[in-house]
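See the structures that follow.
In what follows, chain A forms one complex with chain B and a second complex with chain C.
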Partner chain A sequence: MLKIILPTMMLMPLTWASKPNMIWINTTAYSLLISLISLTYLNQLSDNSQNFSMLFFTDSLSAPLLALTTWLLPLMLMASQFHLSKETLARKKLYITMLILLQLFLIMAFSAMELILFYILFEATLMPTLVIITRWGNQTERLNAGLYFLFYTLVGSLPLLIALLHTQNNLGSLNFLMMQYWTQPLPNSWSSAFLWLACMMAFMVKMPLYGLHLWLPKAHVEAPIAGSMVLAAVLLKLGGYGMMRITTLLGPLTSFMAYPFMMLSLWGMIMTSSICLRQTDLKSLIAYSSVSHMALVIVAVLIQTPWSYMGATALMVAHGLTSSMLFCLANSNYERIHSRTMILARGLQTLLPLMAAWWLLASLTNLALPPTINLIGELFVVVATFSWSNITIALMGTNIIITALYSLYMLITTQRGKYTDHVKSIKPSFTRENALMALHLLPLLLLSLNPKMILGPIY
Partner chain B sequence: MSFPKYESSRLATQPATLDPAEYNVSPEARKAQAERLAIRSRLKREYLLHYNDPSRQGLIEDPALIRWTYARSANIYPNFRPTPKTSLLGALFGFGPLFFWFYVFKTDRDKKEKLIQEGKLDRTLSISY
Partner chain C sequence: MKPPILIIVTSTIVLGTMIVLFSSHWLMIWIGFEMNMLAIIPILMKKFNPRAMEASTKYFLTQATASMLLMLGIIINLLYSGHWTISMIPNPVASTVITIALAMKLGLSPFHFWVPEVTQGVSLSSGMILLTWQKIAPLSVLYQISPSINPNLLVTMAATSVLVGGWGGLNQTQLRKILAYSSIAHMGWMAAIMVYNPTLMILNLAIYIMMTLGTFMLFMYNLSTTTLSLSHTWNKSPLIASLILALMLSLGGLPPLSGFIPKWMIIQELTKNDMIVMPTFMAITALLNLYFYMRLMYATALTMFPSANNMKMKWQFESTKKMILLPPLIVASTMLLPLTPMLSIMD
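Right after this comes the complex of A and B.
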């Protein structure tokens, strides 16, 4: 694991010591090399974990998320080049340092072997993200957004700290290797109900669950592009990953404690998809679509069946790539038009046909077109919830239809029709932007050929 | 030669000069028409100035559009006030569906659980769950 952590840490001196015209090239190239190293971890040979030390390990669950995280850093750097081009050199280097720091914490969080280490890194990821949102966002609402983001997650995760310390006192160790063998079923009492709530609320806020999702549209919309990318693609998955890890401790309680959250997720899935249809702001639409997809993951993790875990893992990886790509596309619009209102930039297909192709593919993967991994994830989750209760098929089916509706609405509004008069003089697509979209889409399409590596430990 | 009588349609509205009421309007109405025409032509002139400005890069800012997007996205909660009507609506449509679905799923799952306990549910072929 050190062969990923140390190079990532050394990316920081690399940015500060590089010549001004080489900072982007250096950091992007080396972070791409680091991501190629992490791809070797995808070769999981058994359903047991691959343990590197007492602190770090990779599992079939954490390896895909680790690969996603490391793959995303070069993409974030490529996406940020334009909007930082007017800043001073020191500010550019500071921004890149924040991204690298965030990356470091995320890598360690996904490979942490101990729950308290995971918790510390989970909290630590908030700091660089807050700095990125509040310092480099574009509108005045970014301060409000940062506040909501920080305090929602902190308030949700403070009970988790207490619960983890209590559990460590009881069990002796929170190491993942030993947790599988030492956990006892929780007794059926009020205090264990509170323990269950304390453990899960942090991840529910992070996912986010429908009732606690208020921070997400604000944070995603106000963040700069790299912030949006890392938030949508990776930080939400921290919540899913944490939930999947911590349910091993929580015994037989989940079968009835999960009901309120299942209801919130099942109904919230439809509500947030419907809200997407009413959005005027493009980034807000993509943010609400993230909530909807993550609600599916929450449902899958709470019913705890083999197929649902496979679906949840696949959905997390697929949604990470898709959502990040949609934010990059929205950003390519924003950089030309300086407004996020969807109707201001219409008919782009006639002006930027290659970008329209990327828009089409991103929208198709967002609505879970076969044979992409988005569909595999969603299908597994739908089948698993059907076995949980037959009636969920009505809600799931409605959600799939509404997802298709808003994805196509987004595509048609931005791409089809006659272009607005003032977009005639926009700059054509840069190679950097096309490469960005291609690098997002390539893993997505390749994984459709071999999805078993993202199906998690149950496969 | 006689032309057929003009009939207006959706895309070809009746011109003002063919409307007999046009010739009997009062001076106040005329003044109001002139004021509206002045506003319209001022706005059109501003728009054309922006549109043909060679140093313009990007959008023409439309204050009405900015106000509309602000009202639709960021200005909702400051104008919200809890009244009996809004509280009732919130409870009904916000919490109502949650309790409804909880009731639906709980009864369905309990029914299934009872069948399983009695051994009556046929799960012989169910391998993907």
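Right after this comes the complex of A and C.
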């Protein structure tokens, strides 16, 4: 594991010591190399884990998420080049340092072997994200967004700390390898109900669950592009990953404690998709679509069947790449017209046809077109939920329809039709932007050829 | 203040605390407290304005009352146990009186009312000594008598201190008052763990002293005493602005900074002793503290102008304040978390 952690740490001195015209090239190139190392971890047996040390390990659940995280850093750096070009050199380096620090904490969090180490790194990711959102966001609302983001997550996760310490006293150790053999079924009492709540609320807030999702539209919309990318692609998945890990401790309670959260997720899925149909703000649309997809993951993790876990893992990786790509596309619009309103930049297919191709593919993957891994994820979750309760097929089906509706709405509004008169003078697409979209899309399409890599430990 | 006088006064303060730390006779401890209190009054009155006079008078009155209460407790203890040695205090009245006296000296709620006003009235460097050095002596006495303190009293004081420290600081813009309320809240955390594991109280004190010293020194660099003047720091010294960001996050107890170590250890110790509601309550109220630290961070480091200072020559001179050991303090206040397993040496 050190072969990923140490180079990521050393990316920081690399930024500060590079010549001014080489900072982007150096960091992007080396972070791409580091991501190639992490891809080697994808080759593992599904029921065993690769243990590197007492502190770090990877198994087939964390390896795809690790690969997603490391793959995303060069993409974030490529996406940030434009809006940072006017800043002073020290602030550019500071921004890149924040991204690298966040990456470091995320890598360690996904490969942590012990739950308390995972908790510390889970919380540690809040700090660089807060600085990125609040310092480099573009509107005044970013201050409120940072506050909401930090306090929602902290109020959820402080009880988690107490629950983890309490469980460690009872079980002796919170090491993942040992936990699976030492857990005892939780007794059916009020205090274990509170323990269940304390453990799960942090991840529910992070995912986010429908009732606790207020921080997400604010944070995603106000963050700069790299912040939005990492928030949507990786930080939400941290919640899902944590939920999957901690449900091993929580015994038979989940079968009845999960009902309120299942209801909130199922209903919230439809609600947030419907809100997407009424959005004028492009980034806000993508943010609410993230809530909707993550609600599917919550449902999948809470019903705890083999198919649903496979679907959840696949959906997490697929959604990471898809929503990160959508944010990059939205950002390419924003950089040209300096507004997030969708209808201000219409008919872009006439002006930027290659970008329209990327928009089409991103929207198609967002609505879970076969044979992409988005479909595999959604399909597995829908089937598993149907077997849990037959009626949910109505809600899931409605969600799929509404997802298709708003994805196509987004596509048609921005790409098709007559262009608005004031966008005739926008700059053509940069090679950097096309490369960014291609690098997002290629893993997504290639994974549909061999999806067993991202189907998680139950495959 | 003339240097010889400053040397005499400072050495008396140090000597007073040392006498408290090294004595085993209750009378000597009381004498140490008195020396400490009398010698710090000139330090508090460094500036001759009515505000500083008022602050020193308030400090003197509360500390003198606390010393008298301490003497009362000592005499009651003498009456019931027959000796002057500091050790367990079997008599509950004596231990309650001594605990209350020391809580008054520390600024634990409900005896916290003097802390914001005194800290606000004095200069930044005097406030620094007030909030860091002056806590060592009372906490060391509490450490030594900790087995016999009434746990209910201590936990009540801790819970109210954390609440007062969190809520009181919310409406403040003056930095010294903010740090005073922060000190009340941290004292609450220290009092909470005193019953179960006094060693962690010392750990909390050590990390708190490092963080507060660092914070005060960073404020003294720009002579900033209000949030408004702190918001000008990005222009004069952007490095100080970033350091204030790191230190405020550490004071708030966010992982992965070292401010998280005492909170983590205290919560661990409390859950080991089957107290679940108390650490949950304390952790959630610590978020109130985090809110006003975040406000400071927003004003200082996170809302800057789009461009940096364009001038080649700064329009005022470099700061001539003595920053004693500031870099090691900053490092110790932010990066000590990986060393937490070393705490096992304290057993």
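We adopt the following convention: the second predicted complex is superposed on the first by the 458 of 459 C-alpha atoms of A that agree within 3 Å, B and C clash if a C-alpha of one lies under 4 Å from a C-alpha of the other, contacts with A are read in each partner's own complex, and residues count from 1 in each chain.
Note that in this section a residue touches a chain if its C-beta (ideal position, glycine included) is under 8 Å from a C-beta of that chain, and two chains touch if they have at least 3 such contacts.
These numbers were taken from a predicted model, which means no experiment stands behind them.
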First, second, both or neither for A:L266, with chain B first and chain C second: first
Which superposed partner A:A357 touches (first chain B, second chain C, both, neither): neither
Chain B versus chain C as contact partner of A:L369, first or second or both or neither: neither
Which superposed partner A:L121 touches (first chain B, second chain C, both, neither): second
Partner chain(s) touched by A:L197 [first = chain B, second = chain C, both, neither]: neither
First, second, both or neither for A:L171, with chain B first and chain C second: neither
Sites on chain A touched by chain C in the complex: 86-88, 90-91, 94, 105, 119-121, 123-124, 126-127, 131, 134-135, 143, 146-147, 150-151, 154-155, 158-159, 161-162, 165-166, 169
Residues of chain A that touch chain B when the two form their complex: 141, 259-260, 262-264, 266-267, 280-281, 284, 305-307, 336-339, 341, 344, 383-384, 387-392, 395, 421-422, 425
Parts of chain C lying in touch with chain A, wherever the complex brings them together: 238, 242, 245, 249, 254-257, 260, 264, 267-268, 271-272, 276, 279-280, 283-284, 287, 290-291, 294, 298, 301-304, 306-308, 337
Chain B to chain A touching residues, read off their complex: 51, 57-60, 65, 68-69, 72-74, 97-98, 101-102, 104-106, 108-109, 112, 126, 128-129
